[in-house]
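Listed below are the structures to be examined.
Each of the next two complexes has chain A plus one other chain: chain B in the first, chain C in the second.
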Partner chain A sequence: MDVQLERDAFSKGLQMVQNIVEPRQTLPILANVLLETEGDTLRVTATDLAVGACVSVPAKVASAGAITLSARKLGEIVKELPAAPLSLKVQENAWVVLRCGGVSYKLVGLPPEDFPAVVPTAGPAWIPLEGKALKEMLTRTAFAMSHDESRYALNGVLFSLQSGRLRVVATDGHRLALASRPLPNGGGAATGIVPRKAVQEVVRVLGVGEDVQVALVENQFVLRMPNFLLVARLIEGQFPNYEQVVPKGHPCRLVVSRSALAAALRRVSVLSEERTKPVKVLLSPGSLKLTAQNPELGEAEESLPVDYSGEELAIGFNSRYVLDALGAIEADEVVAELKDALSPGIIRSLEGEEYFCVIMPMRI
Partner chain B sequence: MGAAPSIRSIIHVDMDAFYASVEQRDRPELRGRPVIVGADPRGRGVVSAASYEARTFGVHSAMPIGKAARLCPQAVFLPVDMDKYARVSGEIMAVLSEYSPLLEPISVDEAFLDVTGTERLLGPPLEVAKAIKARLCQEVHLTASAGVAPNKFLAKLASDLRKPDGLVEVEPGDEAAFLRDLPVERLWGVGRVTARDLRAMGIETIGQLARVPVGVLVKRFGKWGTLLHELAHGRDDRPVEAFAQPKSMGAEETFAEDTRDGEELRRTLLAQAERVARELRAEGYAGRTVTLKLRFADFHTITRSLTGEATQDGLEIFRRAFGLFERVERVQPVRLIGLSVSSLVRGEPGQLSLFSAAPARRDRVARAADRVARRFGDRALFPASLLEHSKPR
Partner chain C sequence: MAFDAVRGQPAAVDVLTRALASGRVAHAYAFVGPPGVGRKLTAMAFAKSLLCPSAGCEQCPACRKIEAGIHPDFMLIAPTFPEGKTSGTPLIRIEAIRQLEQRAALRPAESAWKVFIVDDAGRMTAEAPQAFLKTLEEPPARTVIILILTQTRELPATVLSRCQVVRFMPLHEEEAVALLQSRGMDEGTARLLARASQGRPGLALALDPAAWLERRELALSILAEVGADGAAALFKWSDTLGRDRGQIEQLLETWWLWYRDLLCAKASGDPRLLIHGDRAAELAQSAAGRSWEEIVAGLAACREAWQALQRNVSPRLTLEVMLSRLALGAA
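And then the complex of A and B:
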């Protein structure tokens, strides 16, 4: 293999995939990225066996071929290179010579044959999406993914394609975030739990401009953009029946300023116990009172005006969960619907049903 | 708060051959005879306690029961009656608690007491220890050994020195003389390995160890070297903690015969999970980490653990432990299986759950079962899947 590349393009390509490489691997070759020529591009591939991605970088190919190199070292090298044409040449015994401007490296590679392939299993039914919209749906739900390693099925985001809508759902068993949007050409039904790492990578590589296509095929989630492909193994396991826990027709409905509620929560929860950050909410006509107390530190209290005319209600929440939900909503005013101290509450923006967050209360 | 007095008075009380002594107390025909409390002597468990009569044959606790049976075939072998010992332990701790609110039980049959500053009220610490021993003898009809010293480490060493029915005081200033000729194995935390390493350095007694510069020990043993140095000089700052929080709760079982029977292993794990969950609820804890322990026929032992949400629910503990179990490759038959719950947090989890349909109801069922168990014993109510396991022994 003998190729010439632009340093900036190569660096950008590497950055798109190198996060997938785990700091510790079961197989030595998984510490490497695969570099292979394809037409007049160099394809860079990284995988941890569960998630893999490839990116194509424009290249002048003098001779075709392939090699693998340490992802970390290659990243460190390319980051420091001057903005000059860069050449990669594979020599005998998997040695690789990298030249750029006045600097040259002779690097130890590993043969490409052992590198696990990153390919979608079947010809998928692609769902076209705006990159910006997908990124938004994911950032507005991903915070609710579980970190509890004993609940694998919750360590990701559920993609559900049904009756012309795409729904993206995440939950940790305490709260649930759901974003949905109609699909232009409807069609098809599919569902799958996309693992945390793939979700993070997708959010990281998605810019604002490009259109993307996603697919759920067999046990894989696939995302592709021009020059980029990500394939992730879906999480096996049963995602809980989320529709069942979404409250409908709760009697206590209030409307409140998003920023005012968030600021008050942040102020009051300073005194909450650190692990679960409990805050007590006292709702009465026209007013919402937040209190927090800590036997070692003292008490905090703040009232703010709300549009509410129902009965009095006292309910406790983990203030972090409420702040996460408020952070995911853009509108100035939010609606919260509650029932009693033991039933889940729901928060959404005043306009639109396309995003909401369900939060289970705390016993306080 | 005023400054703590620089010299403390700590008493360590340790019951003599506790389980065996309780049995001898309750069954006069056993007095003067070797009594061994522990596993079935035909099986493969261990000795939990040996009476002093049995100890003259070389039997000691933690010894394989089969070996004890060979050393002392004429001994009376009794099963462990934990309910009874726990009851007696309660009586003992009640007596001890009258002498200081700073009482730290470290097992059913031993405890530390901090009696610093009670001299004008109760007399000198040595007299307090005498009084405690006398009262245990009169009221609980058992003998105890006690150690009196300026810290926990020395008090425990002292109580162990003249067992049974011993009483040893280490007065402030006498630490060095007291420790000088004792073998290094007496130091807290020094087992066979460290003792061997020390011996290789020409160190056999605590006195010799005390003369080694701390730098040399740190170089050889790391952080642990500093602690060794402190202990060798009889220094130990650990306070007596009245409400020492447990670090973990667990259960384990050695099978009568090594087993490959997945169903038996599963059931054993479920029974253990229920037992540990009950203990957690009784003490008001929930735990985040579940650890599975397996020992195979060749004694190779592995542990696997998983951290999640805090739980005190037997089924949930079982679910996590069994998940770990299923991922272990079992080439050999299993000799021992056990589980423990750690990363304990106080109180019931306040956060309600979205999906477990009726967590509050499960919790109420568990608590009702706990009450039944308290009144009618552990075997009165248990998961039906353990039925086969519960045949009367």
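And then the complex of A and C:
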């Protein structure tokens, strides 16, 4: 293999995939990225056997071939190189000579044959999406993913394709976040739980403008952009029936300024117990009172005006969960729906049903 | 077939092939038996049978990837040194178990199953089995976990009760000899090593026949020297060897087998029973000069020294006590 590349393009390509490489690896080849020529491009592939991604970088290919090199060291090298044309040449015994300007490296590679392939298993039905919209849906739900390894079905977000809508759902058993949007051309029905690492990688590589295509194949989630492909294994198991959890027809509905509520929660929860950060919410017509108390520290209390005309209600929440939900909404005003002290509450943006978050109450 | 390479374990192979044929594969197995008799080989063969499209052909990309450890639906976990070090006690650490659990939670990438082999599963850190319990009891769908153990008591009963136990036995001498010969050994060496390894060809393959014979000479000469010169020789040898736990373990095994042969020689004199068949005359003579009690006491001394080493008694102290019992007749 003998190729010439632009340093900037190569560096950008490497950055898109190298996070997938796990720092601690028992298999030497998985600490490497695969570099292979493909037409007029150099394709860079990284995988940890659960998530894999490849990116194509424009290159002048003098002779075709493939090699693998340490992802970390290659990243460190390319980051520091001057902005000049860069050449990669494979020599005997998997040695690689990298030249850029006046710098040259001779690197120890590993043969490409043993590198696990990153390919979608079947020709998938692609769903076109705006990259920005997908990124937003993921960031607005990903915080609710569970970190409890024993409940592995919750360690990811559910992608659900049904009756012309894409729904993205995450829950950890205490709260649930759901973002949904209509699909331009309907599409079939499919579901799959995408693991946390894949979600993080997708959010990281998605920029603002570009269009993407996603697909759920039997056991895989696939994301495609021009010159980029990500394949992730789905999580085994059953996602909880989230539709059953979402309460309907709560009688108490209030509208409140998002930023004012968030600021008040942060202030009051300073005195909450550290682990679950409980805050008590006292609702009465026109006003919402937040209180927190800690026998060792004291009490905090704040009232803020709300648009509410129902009955009085007292309910407790983990203030972190409420703040997470408020942080995921962009609108200035949010709607909260409540029933009684033991029923879950809903937070959603004032307009539309595109996003909401269900939070279980706490006994305080 | 994948199991062709497994020799002398008909019971184990039968259990596994029947599970494959009936489609009733257990979610967790414990392969229990002495090291070197083919537990890992069988586990790999079982993995290939489950993951390879043609049930373990050894030729296809899937089989090659399993062998290389890069099959996405396969994971082999073995004891490792403490993080970031290249020495220390190799153990199966909780992080490895967590990695296994994360991979098990994913759907299979290429096959119908996911197979996880935990080699030397007895070497888990104290908290690793706890972390493992829930996954072992109810692993994600299409998951098979194989624990490789020397003895069932190496793991808590809570772990073992969640596994189907498959027993592995030492090979019969003829099987071991045939296997070693198929690896290019001549019959004499194969027989010597098959006996020296007591039916554990995996260990026999790792033995260097010349080194083994040399060690036997050393062990016997130490015994003779201490017997002749008494305490002075004993302390000379314990000074020389005292720090090397590995070598003392090997010498101990040699003495132990020697005493075993003495017992056989005294009982029947049939050279086919002897591990050190080439020294039959010497054994017969030595056995004739000893009482039954003396030989049995020697065996007891070896066993107790072995237990002491397993329990972390100082190797030097163990060696001194054992030599004084073997060669000086101390009680």
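Some points to look at:
Here, the second predicted complex is superposed on the first by the 363 of 364 C-alpha atoms of A that agree within 3 Å, B and C clash if a C-alpha of one lies under 4 Å from a C-alpha of the other, contacts with A are read in each partner's own complex, and residues count from 1 in each chain.
Convention: contacts are C-beta pairs under 8 Å (C-beta built on N, C-alpha and C of every residue); 3 or more make two chains touch, one makes a residue touch a chain.
Since the structure is predicted, the reported quantities are computational estimates derived from the model, not experimental observations.
Superposition of the two structures on chain A leads chain B and chain C into a clash. By the touch criterion defined above, A:Gly237 reaches chain C but does not reach chain B. By the touch criterion defined above, A:Asn318 lies against chain B but remains apart from chain C after alignment on the C-alpha atoms of chain A.
In the superposed pair of complexes, A:Leu88 makes contact with neither chain B nor chain C. In the superposition on chain A, A:Ile364 makes contact with chain B only, not with chain C. Once chain A of one complex is fitted onto chain A of the other, the partner contacts of A:Leu49 are limited to chain C, with no touch recorded for chain B.
Of the two partner chains, chain C is the only one touched by A:Asp114; chain B is not.
Legend: residue contacts after superposition of the two complexes on their common chain; A:Ala170 is shown touching neither chain B nor chain C. Shared-chain residue A:Glu149: touches chain B and chain C both.
Stretch 295-303 is the one among 7-15, 61-69, 97-105 or 295-303 where chain B clashes with chain C after the superposition on chain A.
When both complexes are aligned on chain A by C-alpha atoms, chain A residues 149-150 touch chain B in the first and chain C in the second.
Within the complex, the chain A residues that touch chain B are 148-151, 171, 173-176, 240-241, 245, 276, 278, 316, 318, 342, 344, 358, 360-364.
Listed in rising order, the residues of chain B touching chain A in the complex are 290, 306-309, 319-320, 323, 350-356, 360.
Touching chain A in their complex are the following residues of chain C: 65, 68-70, 72, 80, 83, 95, 98, 101-110, 134-135, 140-143.
Chain contact summary for the complex, chain A toward chain C: residues 24, 26-27, 29-30, 49-50, 114-116, 121, 149-150, 152-153, 155, 195, 218-220, 233-237.
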